[in-house]
Every structure is written in structure tokens, then in C-alpha cells.
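Two complexes are shown next, each including chain A; its partner changes from chain B in the first to chain C in the second.
Up next is the complex of A and B:
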């Protein structure tokens, strides 16, 4: 290894400067501001102790948004891992469609969340979209503009759509790295292709499966913003206002910097705790040996 | 290996057909609706068959909206994000792996931690920092009492102000402050044989020469993978460009596309025109995926290991 006094410092400095300025200071400031009453437009601040937390935690809107965030996180990320998992197992087989599928299933990576949001808002539009013929048969059967559940389903469908590429690629890479000898040994022992999915393939891609879940939980909480802002705007009646959207609305439309910072701080702690739990409880049980 | 696998192969084919329809269906309906007129859509709803209005709708987008200039912005943001991420993370990973420094572990952990809290979560305070990037410095001066000292000597305290909002730098810099690139390069450097380094040292190569003549050529595919990955992520960003740029001429194409949809209910929006916009906005990244798919897949896999 090279020994040099100032060169490594110089090499790390540009990235570290950006990381400190645009990551650590904002993270610190969110926690700092949650103890102060901040006036918008730099009008001064005042230490208020835990007042902000009391205000946020006694607000039913916050709890509703938090609850919706958890429901969305569980349903959307479960689907966004299980659907690519099934597709990856299918594409891992030597069949005619597996090659085109490996290509096509990566396409959503190039479509921005907001773009697919705009498209899904149209496709699920009750008057001109996919459900329009259905709606003329049964009036009012599908209307994401009025029915909160319909709006929620639209969000989940759009999230799974854009989440397929990453999880599919990771899981497929895991499946393809399973040694052939193991598959052959299992086959000699009489395990057919169905049996091998559960006894060979799934246990051996646990590391990849674990990783996609860890990343997907954070991803579903944050990247849903673009979908909400383009499909539902948090409606109808706040039924799709997830925490990340509420923070944006409170901070940028309501100019409630302290409230938004306090919620940011709570959301950050939640995300970090979630990741830590997954690593300590699930991560340990996973066998990385092959 | 030969075995009877008819039932599973049929199931797998069916699954893949469903998956492909799920992915391609929305894209096809976007394209076919974009090629129909507004009146056609009002009469028939979304279009299952393509019509002849695609270029009329696209020229409407090009001439009546800011999408063209916003696509140029997206290009700049995505390209500089990719370039800056590749360069800066390459350098920092190089320092972490190839130099005998005691703080290498700490720096790597500090950079890696950025993956845990995405920009969308900390957008409120990142916006505040971007509105005056000297605010941390001012706060430090105030807090340590240096400012009152300066005020005593020079008459006024130091208060620097520089906003990077509404600038290209401000749109890109927070995206670059991310650890994936450093992680990817570090993992790649660790897989390279140690003898490479020893041989280079023996031949008298210094740190700069080793970096340029040996490491960089070897890392070509890793750089290409990270470039594709960060280009796509820069192009598809939404929340940061939405708040980081307030004038339409500075916003990116994805934000501009979302703005095409009118806020108010009532009249059915001009969906064919909006879909034509969606096609235009997604054209560049989709073309990139089609051409450079190998690198994208590799980048996704590498960023996980």
C-alpha cells in the first residue's frame, strides 16, 4: 500500500465534502430543528424542547400517515419482491421466453417513477382508462378519485411495476450462481424441478432475498413520493397521504419547518431501526456459505 | 441434464408471458394513446390500436411546452451526475483501498451510511442547506463565539450567503453525495490480485501513475456500469428537481411531464398529448437500456455484492 501524507486526503476530500454538506448536515439539522420552533424564511428560531414532538405525536393525521406508510411498505414491498422472485425462477429455466424476458423485464429501470405515475393515472382513470368499460356496466365500481382503496391499489401496482428490474436482476443473478452440481445431486436424489425450487433454489438465494427485502423496505417508503404526487396527490381525502408526502406538504406548502423536521427525524429513526432489526435478527440466520 | 419438466416449463412460460404483458402493456398503451387524437380518446377512451397522430402530438409537446429545454436539463443533470459520481467515488475508493491510512475504515463507513437514508427522506433540510451552502459555516462561527470576536475587531460578524437552488450544480450535487459508487469500486479493487500492485511498485510506479495506467484501464467495465446506473438515476429523479429548481426552464423533463397534467378536476386532460410527452421523456433512458443493457445488469449486480 502507498504511504503518502496528503494525497489520500486530497482524493477523498471532494466526495466527503459533498457527503458532509448534503447528507450529514441535513440529517443533523432535521434532528436539531425538531427541538426548535423555526420561522419560515429565516425569521429566527426558539428552543422549545420536546414541544414539537408533543405536537406531532398528538396529531391524529401523523398517526394515520404513519399507519398508511407501514401498510404500504408491507404490501408493496412484499409484492415487489415476490413477483420478481417468481419471474426470476421462471426466467432461470431454459425455455424459449427466458431470453427476451431477461431483456424486457429491465426496461422499467429507464422509466421515472413520476413518468409511470402519469401513465398509471391515465390507465386507471375511471372515465377513459382500462376500467372505463367495466364502470359503464357497474357504475361506480372503480374510481380512485373517490375510493381510497382503489387509489391505494393503483399506487401499489405502479410501485411493483417500477420495482421489478432491480429485484429481478439481483434474484436472477443469485439463482444463476447456484452450482450445477447441487442441482444435479438433488435431481439424482429424486427431487423434481418443483421440489428443487423449495429445497435448493430458495434456501440458496436467501442472501439475495434478504438484501432485496432490506432495500425494498426503505425504497417503498421513499420512492412512493413520485407516484403519490403524480397519481393521487395524497387523496382522496388524505387516504394515500403517506409520511414522505405529508412531510413534503407540511414543509413546502404549509411552511411548518419544525413540524416537517420533527416528522423527518421520526421517519429517519424508523428507517434506521428497521434496517438494524433486519440485520440483527434476520441477517444472522442467513447462511452465506455455499 | 435431461428430465421431465413439462409442467414447470409451461407454468414458467405462462408466468413470463404475464410478466412481459405487465411491463410492456402500460408502455404499449402509452404509445398507442399518444398516436391518437384528443377527440378519439374522448369518444373511445384509451387506444388499443395505434393511430396516425403520434408526430402531431409530439410536435404539440415540443412547441407548446417546455419539455425540449427540460430534456436538455435532464441530459445535463444525468450526465454530470454520472460523471461526477464515477470520478469522485473512483478517487475515494482508490484512497481507501490503496493507501496506508488509519482513518480508511471510518471514512468508508461514513460514505456508506448515505445509502441508508435516501435524499427523499431528508429533502426538507437538504433544501435549507442548498438555499445557503454557507449556513453550516455561519452556524459554526456563531456557535464557537468566533463571530463575536470578528465583530469586535472588524465591526460586523461574518455572514456568508450562497444559494445553489435553481442552479445545475444544486440539482446535481446532492445526488452525488451517495455511497453506492464508492462501495462498488471498493469491492472491485479488492478482487484485483495483490501482485498487480507489487509489480507496479517494483517497476517504480507512483500513486498517480498506478491510478492512471493500471487501475483505470482495468476498471473500464465497472466505470461503465456505474455510469449507466447513475445516469438513469439522475434522469429519473423527481422530488429533488421538483424542489431544487423553481423556474420551469431549470426543471428536469420528468418534473415538466408531471406538470403537464392539470391540477383541477373537471375537463378530461389532453391525455394523448401527455402520453406523447411521456414517450419523449422516456426515450433517452430506454434507448440507453436497450444499447447498454449488459452494463446496467452488471452495475445492478455489482452494487449489491
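Up next is the complex of A and C:
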């Protein structure tokens, strides 16, 4: 297609440069550093083998952060798929205003995670936010600044909200692609709207559900950083310190560059394994035929 | 339960449409008030060109489209406001509409499962229907692993497994190739004879209509042009529309003018005696025209199609097109001008403006003879 030998390379060069500079080099750097003891302000380093891994894996703080990460991953990504799924099913049924709705609902996709964090910090503020009236009835019932569970719920809510646009669009597209006659056939067969959701619609949007789940699982682990940093700063009392935030704190506040690199390596391997498992065990069972 | 394959049930329902209308807005009238009655156990074919409202009519009977007005009665019960599942209709769709994630057996058993019928009975009935339709070896397959004909059989099986009083078909054969379509047509006719449900079959294919129907309902822009037996529709078309729609090749329609004693073509040739005055449309089927040396009507040949069993001659008569089907074995000299005779008993006369038939215009109307001669 291209007669010029260097033109294709030239065209992909800017993207390649970005990916190499901000992804591959840091990734290899992190793996490399996880086997060395780095000095906090640069200068010499010392090869220590698996010492960094021994140190990190014997640290209870690491396991706590890991556990919170898994809890967050399961609750937040489940809700971030189920809530858009309900919206999509509703939008699919009442198509009168679905065109503007589809467009308006996709806008939050353009909002940066940090901005969402600021908004939700305000929304869930115990004194002026949405829960303030609730607090006047039951004083002290809601306070994410003191109560770790409340802070965690705030994070989950913010994450789910930010996940709605993309997942909504994907799932709605899946629902809209189900042939109309299939719904009609199910109606003639005697299935009501609820029954049709579980017997016809959900099985037929399995590819879309799988895609959103895979993306959510992997993304919820990393993209939550912006929310934590703006809403809770990992508090109160470390209750919202997920692994990705702990890495940042260890590395940039504690200057434990080797420890942070080691945790990064572990987290990355975990995410890779997770995605691989999903593809091998779930992905194979999905029928893409229509 | 007795296997349905062998029994002839008497569960058929009668369907009555009273002033049924469908409009999307003031300008967009799909079906103006329409009233017809279908007898129990009857096989009715709704025939018409695309966009004539035939599928809409079927969907309104099924409950998939709301009626804008009027009543639909199934077994003397008003059903127009009921959900599809309460109407006792089963339907076969054009694109089969099989559930792609279910096996053949699950597809057929789905309506029974929704109805809460125990698994043992479901399996028994699936086995019975599968045997009847020759699907026994395919029960574990998914629809994607089936051929078009097999999918259509599954769709039919899914419809009849509930033993519905009303069976609706929405162009079920149009996705099949010609040979398969013929085979399925024969099977459908046989199936209808065995299960006896009141059937409504929508198609734009006149051959399907002629061969399957007890009665054909011909729709044109939502209006009933004619509702009669295939024979009556063929031999006594009620309008130019019907005359042109039925028959292959269709009936010739010639513009003629009556001067009080004879009907003349625009070029002045007299084609028949008739006492009426004014403009008319004269119809004659290609197979009813006889080509002989003594004929008084002259036509020029433009080209000929040899179909083996007979030939179709494309001719021109007074600037109008005229098709002639020659009987088998008759050699015709195609180099010269043809001499034709229009047998008086085979002529059809239609009003020049409305296109409605003028019955008994030439005394005794066409008989059933011509169809036999043709074949």
C-alpha cells in the first residue's frame, strides 16, 4: 500500500515515542529497580536479588493494601457494569429520547479522574453534601473523614459514576444489535419483559458484558489513584490506601524507590494474570455467533 | 399425551377482523378500516406487493403491533388489547428468529418452559415434533450449525409445539433457495393438513399463495382487492391489480375504447364486440390467446423466450405490449406478423378508471378450463 519505505514508520513514530517513553521504559525500569537497592536521591545502586520482594511480601501493610484493592476491584467494577447495564436496558426499551440520552450520558467520559474526585469530595461532604440532611437526623452517621467504610463507599460511588458512560454505550450498542424479531419471538413464546432480559437479552450481550468486565477489573485497580488522591489521600487511618496509592506514597513521600518498584512489579503481574485468566476461562465460553 | 404427529386435532380457532386500522400519523395510513373473517382450520394467504401492509396486518393479529382502531376476535374473544402470550398464536418469522444461544431442543421447548410445563413432558413433546419434522438428529445443535432449511424447520417446530389454535407465517420461505422453497411448500401444506390450525401466511410470492391457500387475501395499499379461493382469483380477478398480480407471465391488460358495438385498440383494430361506450381495460391471459392463420388481430413479434414446455412471445399490438404463451409443441413462424384470436369466453373487462372488473361483460365468464389447458 505504501510505496515509500520509511513513511509508515514515520507515521507511527509519534505514538511509538509516547508509548516507549511513558510506558515501556518505566515498566522495565520498575522491574529492574525491584532487584536493586536504589538510593533515594539518585547515585549508586546495589544489586540485592530477591531481598526487595522478601521485604515487601513480609510487610502486613502491603497485604492490607492488596486486600483493599481486591475488595475495591470486586465491588466497584461489579457496580460499574451493573448500573450502566440497568440504564442501557431501560434506554433500549424506551427509545423515544434515547438519542439525546446516549449523547449526554457519554459526556462524563471526558472528565478527568481528579475532577471527578473533587466533585465527589464535595458531594459526599458530611456538612454540605448530599448526606448532610441525613446527618442532621442521625448525627455522626455519615463522615468519610473519620469513618473508613464511608470513605471507601465514596470512592466506589465516584468510580462507578465515572464508569457509566463507556460501559453504558458498549452495553446499549450490544442490546440494540439484538434482532428485533428475536424479542418478538420471545414475546410470542410467552416471555414477559423481565423474562426476556434474562433469557434473551443478557445471553446475547455476553461479548459486551465480558469486554466491560475485563476493562473494569483491570482499570479499577489503577485508575482509582486520581480519586484517592483528591478525595481521601488514603485515609482515614489508611482505610482507603489501595496498592496503587501505597506505591505512590512509598515512592514519592517515603523515597523507598526500590520498595515502590517492587510493589509496582507485583501489581503489574497481578493485573496481567487477572486479564489472562479472564480471557482463558471466561472468554472461551462466550459465543460470539449471532 | 398422544404424539401430535399422528393425530388430527380440532383446536383451530376462527379469526375475525372488524374495522381494523393502522395509522402512524394523519398522513401515514398503513391500513384503512379492514374487515375480514377467517374460518376455523382455514389456510389464508395474505398476498401483496411489499409495503402493502400485509406484515403489519399479521403482526396486529399476533399482538406485536398495536391496532389504531377496530377489533380483532379470535374464537369470539376480543384480543386486540391483549399481550401476545394471551392470544394463543404462534408465529414463524422470515429470518427464523431462532435463539442463537440455545440448542434446537431448547429453542423448541422455550415456550413450554415459560409456560411452566415439567421437563419430562417438554422432552417428550420436543421428541414428537422433532420426529415429525425430521430434526431428531439435530436436537443438540445450535442454530448457527444448521442449514437454512433446517433452521426453518426448527422455527416451524417451535411454533407448532404448543399446539396453537392460530399459526402465523411471516414470509417464512423467502430466505430459502428455489428448490428448498418448493420442498418446504409441500411440507407446509402437508403439515397444515395434519395439525389443522387456522393459518395465516404472508407472502409476496403468488406461487406460494396459489399452491398453499384455501383462500387468498390480496392486499393493495392496505385495502382488500379480493378475498377468494385461488381458482376464483385466477379466473375471475376482481380488478386490474389482481389480474396483473396473479399468473406468470401476468394477464395482458390492453387499453381499449368502446364505440357502442366494438372495443377498439388505439390503432383502430377491433378486438371484441361490446355494447358499452368509453374507455375500458381489456384483460386476457397469455395462455388464452390462440395463434392461427384465420385470426383477425395482428401483432408484431419483438422477441421470444423458449422455456422448454412452452414459449413466451413478446409482441406489440398498437403500441401496447402483449405476451402470448404458446401451447406445447406448436411451431410458430416468428418472422412474420402474427394473426391472433382472443376467445370471447376468456376475455376480462375492467373499468377504464377504477380498474374494477365488469362481471359477465362477455356473457359466460372464463371457465376453469384454461388453467388445465395451460398446464
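Quick note on the criterion: the second predicted complex is superposed on the first by the 265 of 290 C-alpha atoms of A that agree within 3 Å, B and C clash if a C-alpha of one lies under 4 Å from a C-alpha of the other, contacts with A are read in each partner's own complex, and residues count from 1 in each chain.
As a working rule, a contact is a pair of C-beta atoms (placed from the backbone, for glycine too) under 8 Å apart; a residue touches a chain by one contact, two chains touch by 3 or more.
Because the structure is a prediction, the values reported are computed rather than measured.
> For A:229, is the partner it touches chain B (first), chain C (second), both, or none of the two (neither)?
A:229: touches chain B, not chain C.
> Is A:195 touching the first partner chain B, the second partner chain C, both, or neither of them?
Second partner only, chain C.
> Which partner does A:101 reach: the first (chain B), the second (chain C), both, or neither?
In the superposition, A:101 contacts chain B only.
> Which chain, chain B or chain C, ends up touching more residues of chain A in the combined arrangement?
On the superposition, B touches more of the residues of chain A.
> Return first, second, both or neither, reflecting whether A:185 touches chain B, chain C, both chains, or no partner chain.
Only chain C; A:185 stays clear of chain B.
> Please indicate which partner A:62 is in contact with in the superposed arrangement: first for chain B, second for chain C, both, or neither.
Neither partner.
> Could you tell me if A:89 is touching chain B, chain C, both of them or neither one (first, second, both, neither)?
Touch status of A:89: first partner only.
> For A:203, decide between first (touching chain B), second (touching chain C), both and neither.
After superposition on chain A, A:203 lies in contact with chain C alone.
> List the residues of chain A that touch chain B in one complex and chain C in the other.
Dual-contact residues (chain A): 184, 187, 192.
> Enumerate the contact residues on chain A facing chain C in the complex.
It is residues 179, 181-182, 184-192, 195, 199-200, 203-204, 206, 287, 289-290 of chain A that touch chain C.
> So in the complex, the part of chain A that touches chain B is made up of which residues?
It is residues 1-4, 7-9, 11-12, 14-16, 18-19, 21-27, 29-30, 33, 83, 86-87, 89-91, 93, 95-98, 100-101, 103-123, 125, 127-130, 132-133, 145, 161, 164-166, 169-170, 173, 183-184, 187, 192-194, 208, 211, 218-219, 221-223, 225-226, 229-230, 233, 244, 247-248, 251-252, 257, 260-261, 264, 267-268, 271-272, 275 of chain A that touch chain B.
> Name, in rising order, each residue of chain C that touches chain A in their complex.
59, 62-64, 83-85, 89-91, 93-95, 97-101, 110-111, 114-115, 142, 144, 158
> Under the touch definition given earlier, write down the residues of chain B that touch chain A in their complex.
Answer in residue numbers: 1, 3-5, 7-9, 11-13, 15-17, 19-20, 22-24, 26-27, 29-30, 33, 41-42, 45-46, 88-89, 91-92, 94-96, 98-101, 107, 110-111, 113-114, 116-118, 120-130, 133, 136, 173-174, 176-177, 179, 182, 197, 207, 210, 232, 235-239, 242-243, 254-255, 257-258, 260-261, 263, 265, 268, 271, 274-275, 278, 281-282, 285-286, 288-289, 293, 296-297, 300-301, 304.
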